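Look at the two complexes coming up: subunit A is in both, with subunit B in one and subunit C in the other.
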Partner chain A sequence: MDLNITQNDKALIIRINEERLDAHNSAEIKQEIKRLFEDGHKNILVELKNVRFIDSSGLGALVSGFKNATTHQGSLKLSSLQPQVKSMFELTRLHRVFEIFPSTSEGLASY
Partner chain B sequence: MQNNSIELNIKVPNQTKYLSLIGRIAEDIAIELDRFSGDKETLAYHMNLVLTEAMTNAIKYGKTDEEGESVHILITISEKKLFIRIYDKGQGFDINEIPSPDFEDIQENGRGIFLIKSLMDSVTYIRHPDGNTLEMVKLLS
Partner chain C sequence: MIGTGTVIIAILIYIALHFLIATYAYTRYKQGRSIVSNSVVYFLSITVYCTSWTYYGSVGKVATTGLDFIVIYLGPSLTAFSWWFLLRKIVRIAKENNITSIADFISSRYGKSQFLGALITIIAVMGIIPYIALQIKAVSTTFSIICNHPSFNITSEFQNNLILQNSGLLFAIFLCIFGIIFGARTVAITERHEGLVAAIAFEAVVKLLAFLAVGIYVTYFLFNGFADIFARLESARPELYDSLITIGGEAETTYANWATTLFLAMSSIMLLPRQFQIMVIENSDEKHIKSAMWRFPTYLFAINFFVVPIAFAGILLSGSNSGADFFVLTIPMNTNNSWLAIFAFLGGFSAAAGMVIVESVAASTMILNHLLMPLVFLLRIKEPFSRLLLSLRRLSIIIVIFLGYAYYQIIGSTYMLVNIGLISFSAAAHLAPSLIGALYWRRGNLFGAAAGMIGGFSVWFYTLLLPSFIKSGWWDTELLEKGPFGISILKPTALFGLSGLDIWSNALFWGMLFNVGAYLLFSIIMEQSEIEVEQSIKFVDSFKTEQRIDSWETKRLSKPVTIMEFVTLMENFIGEEQAHTAISSYLIEHEIDEKGMVSEFELPNLKRFVEKTIAGSVGSAAAKAIVESHLSEIGSQMESFYDAFRSVRSSLEESREALYVRLKSSEIMNRSQDLHLIINELAELLRSEFRFDLIVIRLFNAEGKLVSWSSVNRASDNISAPDIFPADDHFIHELMGSRRLQFANDTSKLTHYLKSAGTDMDHFTAFAHIPIAGEGEPAGVLSIFSSSIVGLFTEELLNLLSSLAGQLALAVQLVDERGAKEHEREEKELALLKNAAVTREMELAKQIQLSLMPEHPPKMQGVEFASLTSSADHVGGDYYDFFTRDNRIIDAVIADVSGHNVGAALIMVETRSVLRVQVNICNSPGKILSSLNDLLNNDLSRAELFITMFYIKYDTVSQWLSYASAGHNHPLLFKASDGICQELDAEGLILGVKEGVHFEEKSILLDHGDILLLYTDGLTETTDSSGEMFGIERLSAILQELHSSPLQNLIDIIYRELIIFAGGVKLSDDVSMVAMRVEHSSLYQQD
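Right, the complex of A and B next:
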């Protein structure tokens, strides 16, 4: 899976450079987020700018990350969702669960 | 078959790496549908999603043919309706028994069938002695 992970002074940014987040690759991002929280990172911002498609497995992987954040007294926020991806969060009401920002810079400014 | 009917009969190995291929086929069909007057980009995404969800279910829960090694998908488009049928040979399930997700107690799983039901006009899952069929219908007008 093509992930770009960078440490900002406010949060760890995970850029998902995959067109699809589905049952084929969602377990990988789930494990990666879990590992990063277990390694002691507190604030993670996931940038979805390059993700054109998400299914229920992809949503589930991010929910898992959100729960991991809560367990570790941290946060998992999302940025730069494409319109169709955002509509999936709205349809499943997950837009009420996650803090979602139009851009990564706005996400970072929230910390 | 009517002149303007389209029928695609697809068999792919029951592996998740083929989800993107099936998703692309679904999107291409939607974009080419002159008879659909709505937003084709949205229809394309929705077709991609319901096929991805249904195929993932078939891979997870169904032994999908004699060898249990492939997923069989039939897409039929008539003047006014788009049918997607996915066949499996697993134990099957009662689609009406699957609850909607609990929007207050957030769980990791359990959104696949909800998404399919939300985006299609009719969804049935029929259990036959020799296998099961998930049929999804989208009205085009």
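Right, the complex of A and C next:
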């Protein structure tokens, strides 16, 4: 799983460099986000610029991350969604659950 | 008046004193409180150089030829300055090699040659016999002078007394007794003779004091000091005075003569057997040399201080220089000072006795070791040797002294004292080139040394000894005057027409020309033998202590020898007690195993030790022969370690032996597929071909540990080598990092850090770790150890070993691959079996799950249903269901639990149960989803799953469809009225994200022929090979085209199209479809 994690002064940015976020790799990102919150990070921004496709497992991983954020009084925000991914969020109405930003800089500006 | 009896009593008391002092010193030595081991005694004993020749002869020489006597003492004084380098080096080498004599020293350097030892012994003994004769002559002459002098009360009956007649013989007997008791007490020659040395030091004091006493008496009591004596002689004998104090005039005092004498004196202080004995063998501490360097010249200065006054006074008093040799004795007698005369006699006695005793002991050692031992050895005498050796040694002392006595009896009365001394010096000087070369020139070899000595010594014999015989009337004087057979060019005293030189310079010039010339020539044109190379390093590099000489061992014993066998051998030569002492001193520092054997690696060392110990008794040449013959008798011999590589080293082509090893190893590899067998045989091959001390072959196991597969030592015993991780050994760690072989050719040169980092450094002097690797990661390590050979791992050897390791790597790889295939097959079988079990379980689960789905869609008036589900795995997360509320309203639901596993399936089952209850509680799709979400949220959160769901409620009478969605795929609604498809959607979050979600409920009026298709995302998201999704458009198109087909047919076709689209492969996601077609309203039918 190709993840690029950088610490910004406002939030921790996880850039997912995978074309597909599905059953094959969703467990891994789920674990990673969980670990980061447990390590004490509060604000995490997941950049999905490179993700072309997300399936229910991928969504599940992000939802799980969202729930972890809630438990740790933190936040999980998303940015740079590709159209197909965005439609998936819209379909599941998860775009109403997550704060989603068109770009990472806009995401960071929200903190 | 003092009678002869008094003289004899004085002599006897003095002799007794000798024995007392020697015994006391010996006792102290045995108690470990030596009185001899100090620098004063050391330098006093060196003055054994000053014999009766000095004591009496110097005065005689001054009285006849003038000042040139001084050169005899100037020479040693000059040499003394070099002692810190030269003598110390000789002492160091002698101690390290248990050297017994100068003959042993030189022959040991040139390959422990018995021949050279014998040759040197002959030269030395021939050189010293006249010298010993001289001493006996001096004592007997002075004794008769003192007894025949009128100032002594000689009774007539004593005139013919046996004592007087045979004083020389009696003196010789005393010397023999003393020499045997204190010079040949035990067999071990290298043991220092403390009693002897103490007596010599005592004599040194006596002779100095006596001479000074006479000198002071003559100069200050008979005359008024130096000036007075010189002035009186000048006025009385002006011509003689002039000639005596002028250097260079007559033939005897030319510059050439001075130079020759100086050279002879310089070399004799080092080369005379007695000097070597005292300065080297009897040295107890190198530090003593330092102070002796100035004390000894000072002594020489003191003892010569009054020589000129005594000589001049003698001439003045006696009126001539005849009998000048004994002025020291005759002046006190003639002036009626009898006690001083006796003191002077005892001084001369001391000077003579000391010389003879030390010389005879030194000579006996050489005779025994280099002349008698080879004979004894040749005769293969088997009885214990030590007694025999001691007897032979004592016999040798007697022989040497009586040879001197015989020489004195036969020709002793012809030549002047000083000449006999110089003949001796000249003989000894011929050892100089070989000795100096031994210390500083590596290339010097046996041929050179032997040829040089034979040449030089022949010249000596012909130009000096022969003339001395002729002058004694033994031979026709014609030879001396006209040359042999009248050939004047071969005249001994003017060889090859070289006239104008005195006899000494002539002999020295030609002797040295032949000696040095032959030494250099033969050393350069001839090769050194192996042992010579070894010895030359020991000798020339003796000060380079950090370079351990032992480590140059290139030989080994072919068959292990027990310690007891060595002890027995030593007992034969040095006695039981000494042998046991020696071996225990050795074993303290070395380990032995339970079989009474030292470790394999120690044997060459032990052998060398035994040889050295025996050399202490019989000299190194004989010791070498003894030990080697003994070993060969018991079937063991020293063999070279890597003869196989001699030829490889010298040429780029591989030796036949190396090729043989390669061939043999590939044969081993090809013959067997059993890796254990291959590795063991390879180790055995390496052992037998190269006789390495230890070979360990380790291979990696699954945990990355190097497991020992084979370890063989030189005796072919399988010994256990530990399994290690690469990190345990610095060098193997390096090897893994670099994937290159690691080796050290001399572990003593490794830094301390590396020593502690590697294993087994204490035991081995050289090692190599060679990776057993083909293309990839090393499969293991081949480790080779040598306990003694420095520089073993040459490039050629390493190349060969690497190539063998490469072959082995291939074998390991093949075996591994075979094993891997086998393993894979077994794995598969096992997996199949396991799978079968799991499959059965899963099949069961699937059957249960499928049984929870409606087997057939319900049949109802006004509506037709069809459904299909296909799970990617055996159990899935898709779910659909129908709930008939009454005969006009029917609910349908489709859901997809995220994930495709048993967990998802269980959630699906739970969802079904909860939903079935909820359906009965409320009848609005939105409310049902809302309460379902609240009920399932906890479980979904815990399981980290969620559900998308689409819920419809259809009234077959009113034809209203109401629906709600929890983030589910938009169902397709085909409107028969316009023939196009539309998507249904309603606001609603997926189930399981949070509680209290509101679900929008929408309604739409349907008409006859409309088709609603509910599906899960597996349908639209299935991709073809190019990654394109099946998509909603494709689905709509099928729907529009086939809307009139029977409903079940329609969804079957959709599914088939999907399979075709996916390229005929198994679908990765579950696919479920529920289709509903509106028929005529049931209302009409009721009508």
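Just so we're on the same page, the second predicted complex is superposed on the first by the 111 of 111 C-alpha atoms of A that agree within 3 Å, B and C clash if a C-alpha of one lies under 4 Å from a C-alpha of the other, contacts with A are read in each partner's own complex, and residues count from 1 in each chain.
What we mean here is this: contacts are C-beta pairs under 8 Å (C-beta built on N, C-alpha and C of every residue); 3 or more make two chains touch, one makes a residue touch a chain.
Just so it is clear, the model here is predicted, and its values are computed rather than measured.
Superposition of the two complexes onto subunit A shows a clash between subunit B and subunit C. Considering which of subunit B and subunit C touches more of subunit A, the answer is B. In the superposition on chain A, A:Glu99 contacts neither subunit B nor subunit C.
Within the superposed three-chain model, A:Ser57 lies in touch with subunit B and with subunit C [touch as defined at top].
By the touch criterion stated above, A:Glu28 is placed in contact with neither subunit B nor subunit C. Between subunit C and subunit B, the overlap after aligning on chain A sits in one stretch of 258-266, 330-338, 870-878 or 978-986, namely 870-878.
Note: residues 23, 55-57, 59-60, 63-64, 66-67, 91-94, 96-97 of subunit A belong to the subunit B contact set and to the subunit C contact set alike, using the contact criterion stated above.
Per the touch definition, subunit C reaches subunit A in the complex via residues 896, 898-900, 941, 944-946, 948, 967-970, 987-990, 992-994, 1017, 1021, 1069.
For subunit B in complex with subunit A, the residues that touch the partner chain are 16-17, 19-20, 23, 41-42, 45, 48-49, 52-53, 56, 59, 101, 103, 106-112, 114-115, 118. In the complex of the two chains, the subunit A residues touching subunit C come out as 23, 30, 55-57, 59-60, 63-64, 66-67, 91-94, 96-97. Across the complex, subunit A meets subunit B through its residues 19-20, 22-24, 53, 55-57, 59-61, 63-64, 66-67, 84, 88, 91-94, 96-97.
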